[in-house]
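Labels for the chains are A, B, C and D, by order of writing; each one numbers its residues from 1.
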Amino acid sequence: MSNVTSENTAVPRSPVVEMRGISIGFPGVKALDGVDFRMFPGEVHSLMGENGAGKSTLIKALTGVYGIDAGTITLSGAQVSFSGPAQAQAAGISTVYQEVNLLPNLSVAENIMLGREPRRFGGIGWRAMRRRSAELLAGLGLDVDPGSLLGDHSLAVQQLIAIARAIDVNAKVLILDEPTSSLDADEVAELFRVIRSLRDQDVAILFVSHFLDQVYEICDRLTVLRNGTLVGEYLVEELLRIDLVQKMIGKELTTLDDLEQRAHAVVVDESDAATFVSASKLGRRGAINPADLPIAAGEVVGLAGLLGSGRTEFARLLGGIDRADTGELTIRGETVRLRTPRQAIARRIAFSSENRRDEGIVGDLTVRDNIVLALQADRGWFRPIPKKKQDELAQSYIQALNIRPGNPDALVRNLSGGNQQKVLLARWLAIAPRLLILDEPTRGIDIGAKAEIQKLVFNLAENGMSVLFISAELEEVLRLSHRVVVLRDRHVVADLENDGLTVDSLLTLIADGRVASDDEALAEIEPTPTTQGGTR
Amino acid sequence: MSGLAKVVSHRLFWPIVMLLVLFAINLVAFPGFFTITVRDGQLFGSLIDILRNGAPTLIIAVGMTLVIATRGIDLSVGAVAAISGAVACSIILGSPEPGNLATVAVAVAVALLISLVLGVWNGFLVAVLGIQPIIATLILMTAGRGVAMLITEGQILTVNSPPFKFLGSGFWFGVPVAVVIAAVVFGIAALVTRRTALGMLIESVGINPEASRQAGLRARGLLFAVYTFCALCAAIAGLILTANTAAADANNTGLFIELDAILAVVIGGTSLAGGRYTLFGTLVGALVIQTLVTTVYTVGIPPIATMVFKAAVVTIVCLLQSPTTAASISGFRRRLAARAGKGLAAS
Amino acid sequence: MTVTAVLFVAVFVVGGIRYRGFFSGQVFLNLFVDNAYLIVLAVGMTFVILTGGIDLSVGAVVALSGMIAASLLQTGWSPAVVIPLILVLTSVLGLLVGLMIHVFKVQPFIATLAAMFLARGLCYVISQSSISIVEPTFVQLAVSRIPLGGGLSVTPSVIIALAVVALAVWVLHATRFGRTVYAIGGGEQSGLLMGLPVARTKVLVYVISGFCSGLAGVLFTFYTLSGYPLTAVGTELDAIAAVVIGGTLLTGGYGFVLGSVLGVLVLGVIQTIITFEGTLSSWWTKIFIGALLLVFIILQKVLTSRRR
Amino acid sequence: DGGSAAEGGPKPLDELVVGFAQVGAESGWRTANTKDIQAAFEEAGIELKFSDAQQKQENQIKAIRSYIQQQVDVIAFSPVVETGWDAVLNEAKAAGIPVVLTDRAVDSKDESLYVSFLGSDFVLEGEKAGQWVLDEYADTTEPVEIIQLEGTTGAAPAIDRAEGFAEVIAENPNLEVVASQTGDFTRAGGKQVTEALLKSNPGVDLIYAHNDDMGLGAIEAIEAAGLVPGEDIKIVTVDAVKDGMQALADGKINFIVECSPLLGAQLIEIITQVNDGETPEKRIVTEETTFTQEQAIEALPDRQY
């Protein structure tokens, strides 16, 4: 293609993967249209594009999950056509797909090793298998019992396990589709260390992420897709971020700067903001230690903490997903017991799960149905939302959140990951919540949409909605929150006004639980090489 | 996609084709198959028989569709049908005036009420105790038939009550009453689930229970509702079956009808894995099954080959319906088109 | 599963207290003797259910293999040919079912229902009436007893069934194939994306179930020494119930073969209690079976949830 | 105690324990059979251990094994199926417990495995039905179209009743079975099959049903088709249950071959004989007759089942 730059500057070797003129159509959507794509050994390559641009589809085309309508794929010079991931794997392409695709009913070790388990007496060598997977996990800085059930772990841990599985294969090509979407800075750093060492062993690595910082830190080269078509292939060092963003969305992006200015401007006036909801000594055995948390109307509270620190667990108590076994919850001064999400919703508390596939979307229903679901459930069985109203709701959120394809009758299952997340968000916004609990709401969402969502949260908060915001991306937490609550080891260790807080001071807090000044923070810990996900 | 391709790729295309093929086979074996005459102001003919005899299966299949949409299954429908028939007949027999309309009304009402209790029982086991539906309803399937036999003491209770018999073999404006009842049940189910939010909520629970719970759905209530409705359908079917022969046969009423009902649902395109359902598909499925049975009789397939014939028909429908077949057909068509295109280009 | 075991023991003890002659080693062993075929069926069914499928054809296939055995032995074939032939034929039937399910995406319930019709129909085609087996080897296997000392004994069928169980435990626990079975139950799509041999495994599971049904059919003919087209009607439900009582989830992915064996024993002990009771009318028998099943499942449910 | 009554000399009747393994409760006929047997034991003061096999041979085998274990004095049972009893009957023999068969036979070569078989002869029933048809149409020169409603495919009564009937009517080439279909011994089955067959065979003259229930179903179908059962289409059935007899008395059925479920008295007789050390006859055919309309009207008032 003509707009591929730097053709002659680099590329000393021949590509290991080469896809030419790839087209894939789904009923009603042309997901890929004549896309060219290539990867070289020993490089980290990124695939960039907005939600629904076709990144995951291209990956699935390469690994044989989808058959291609047109085009050719060559691997190490030989033309291939895989009938499924098993074949691709055998040919040396190891993949972590966007949604975590592991088996919750099996142990962590099996999830890592299944398919290549060590043998013993003609059967599986369980001990060797556990040992090997423990090593792999340790290599990613993760300390979990390989014998434990996968389903017992949080999504972030599962994501790491999926990565561990992929890097254990002696692959020529390693594909990671948004592997870091729920990882913390530390985990990302570990992952990058592994990626670099693989790259040095001449593995070609495809790294898809919406975090530009990460892309700029780890990648050598990137390919940009827009609306299923190829925009171009670039060397990362030669492409300014601002240009990249422009190539991805096809126009200038201004909203983010906008937001930056307003971020701290909105400060809740303590005097008139009544505490909307307040948890006192709220806890659940084995999940989260009793903790206090008041949230004022119109306030955005961020939850910060490491992987497994208990943010999700705490949020679930507030959202009525799990029942608290100690403490109490007051909503506008009235003590309530939330036994089911339904009761929470009746009080206008919405909880948006981090695990959108298993706990969020209803895949075989349409976009419209998914958006009105919670609202309808709240109204009851026999007061259907009129069709016209449903369409209006769906249409307005499709527009507000830029959900694509914008067809309310599309099955949510067929949407790209980021767009599914937006649908989920729309569902909760539709019930006009007083308290919106967002657990990793920007997971897998592209920068444009992320800015939109952040803006939306702001506007809603201004109108009196409280928000509890959880994100692995500390900058995002800082940008949005009026207050930040820090969790560590399932304890609330700090509750701070967001007033001069920085990522580094937060990191210190998260790491050792002390409120440190900025200077101390800088002195005590090396600023992590990966600053999470900044979008500036 | 061209219009024709769209029709062919519709889920119900092949079941309907199969229905037509069965009709054609019947027509060959018995030329009067399509003839519908009016005799004493009543419609009379093979097609009417198919509708009438298929009514109980259809009614149960409607309830079953909703249960299946929630990812459940109800094996107890046959037993519930037997109980309702037994209850109604024993009430009518026990009354001094079996032919009285009021007596029959009471009997029918009591039978339906009891079925509601049975449905709630199933719902309780599934929704509250969390027992897997197949086992939860297996309990009632086994014990329920015992209960029905307890009521009839193992005898066939023959009732002589014209109003009751009317339910099974009467006519209403020329149309068999059983067909009218089935149409009403079908219509109500379709209206209630599609005109209210019920249908969507049921599907949601069937597709992703946890997500539905978090979205604030009352999954328990829904499960209670569908199992109760299914039991009610079973009871209505049981009354029709019983009234058809004017005798309650606790052993045989509704025996294996759960299989027919499930088969109808699945042929109609509703997945046993729960989720999206289509009542119209169920209607087609039920018709296919009943036509199959009637075909066996009219065509004179020997009893020993009946089962093999059934297996063949079910297999053929399923294979034709399969997405794999659809894909290879469209692939074939595309190749044909490509060849034609090349031909054109060459010339 | 431990809960099931504890409950089973409890029921057995209660039976022992209530009925004369119940609490004996032979009554316990007879649970195996009488249910050897069901154990084998339950093993095959466990494989299928673990993948999230179901096999309704097993009862009819038991009848079919009985019919094949009886009719071929009648015409003078040697058991050494007949038994392998049956196992091959039923495995092939399983293979066809598996292909229908995997390649043509037919729902297992329907594919196996069709297989059930077919097998039952073939029974009638072979013969409408029952056929006796007088072939000496078969008779020998049917009547011989393996003494265990203390006046206790089991039949060769029990040994075969237990061997099948042991093999199945090993396959499910310690082989790649076995773990893939669990994987499919845990999430077929995930398994596929993880590059596991989903297709092969899924088809093979039905072959195994077909094989087990064939073997169970052979054991059943040892038990009844005849082939009868109407035999084993509804046995598929017994097998499914046994598997589920044993703690396997019908949605797949979780369960144990040994649990299924316990499930069979539970059904057997319910049956035994009913025979020992000896005063139940036909309908009370049904109600009683249902009630015992219910009590069992509820207790199991309550006990398991408390432990969590 | 234990051991068999025959060896230890006659026991008082109230010390006798008899195990009875019933087929199931699959039909009204069967229930009547069970009731009659239970009542007979009650009257004779003999303890009865009853079990219902739910139509499964394996359950019956289990029950018999259990009776052997419980050391009953006599075992009686109605086998679900003819074949496959040698093993368990040998066990009973080894334990010295005499076995009586009721209703259905076993096909054991070794006749010493049971002391007596009490029950109807299904082939004979078919022959009786065929004989009536033969006589009824003795002078007809036109072809007579017959529909046969078969019992459950594979069940012994269905096979035998078809066989006996076919054998007899073969004598007259005018008699032709134009359609034969299973109605599963039920009224609903009988009705549905008849309904369909009447349409494809409008010229049918006679229906032969393997039991009363299917015949009663056929009557419904015939009436629904606007014909008169018993006149336009003649009906012959087997069983003679009360409802059937009523229909016969009303002229809707033309002839019924009795197949009596009332085996209780005769069974007690056999058991007493065994207990007294006598040898009952190997084959005792149930006392049964046939009914025409007049006989039915006469017999109806004291028909109990």
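The definition used in the following text is that a residue touches a chain if its C-beta (ideal position, glycine included) is under 8 Å from a C-beta of that chain, and two chains touch if they have at least 3 such contacts.
Owing to the predicted nature of the structure, the values given are computational and were not obtained by experimental measurement.
Trainee: Determine the centre-to-centre distance between chain A and chain C, using the mean Cα coordinates as centres, and give it in whole Å.
Mentor: Here chain A and chain C have centroids separated by 46 Å.
Trainee: So what's the Cα centroid distance for chain A and chain D, whole Å?
Mentor: Computed value for the inter-centroid distance: 73 Å.
Trainee: What whole-Å value do you get for the distance between chain C and chain D if each is reduced to the mean of its CA atoms?
Mentor: One centre to the other, that is 33 Å.
Trainee: Mind pulling the chain B residues that touch 2 or more other chains?
Mentor: 149, 154, 303-304, 306
Trainee: By the touch rule stated above, which residues of chain D touch at least two different other chains?
Mentor: Residues 25, 31, 34, 153 of chain D touch two or more partner chains.
Trainee: Could you classify the connectivity of these chains, where an edge means two chains touch, as line, ring, star, complete or other?
Mentor: It is other, because the touches fit no line, ring, star or complete pattern.
Trainee: Chain pairs that touch, all of them, please.
Mentor: A-B, A-C, B-C, B-D, C-D
Trainee: Flag every residue of chain B that touches chain A in the complex, lowest number first.
Mentor: 195-198, 200-201, 203-204, 207-208, 210-218, 221-222, 225, 275-276
Trainee: Quick one: in the complex, what on chain B touches chain C?
Mentor: Answer in residue numbers: 75, 129-132, 134-136, 138-150, 154, 250, 259, 262-263, 266-267, 271-273, 303-312, 314-315, 318-319, 322-325.
Trainee: In their shared complex, at which residues does chain C touch chain D?
Mentor: 20-21, 26-27, 30, 34, 70, 123-124, 128-134, 139, 142-143, 220, 223-233, 271-272, 274-276, 278-283, 285-286
Trainee: Please output the residues of chain D touching chain B within their complex, sorted ascending.
Mentor: So the residues of chain D in touch with chain B come to 25-28, 30-32, 34-35, 150, 153, 179-182, 184-189, 191-193, 195-197, 199-200, 213, 216-217, 220, 224-226, 241, 243, 305.
Trainee: Can you list the residues on chain A that touch chain B in the complex?
Mentor: 319, 321, 340-342, 344-346, 351, 353, 358-365, 369, 373-374, 376-385, 427
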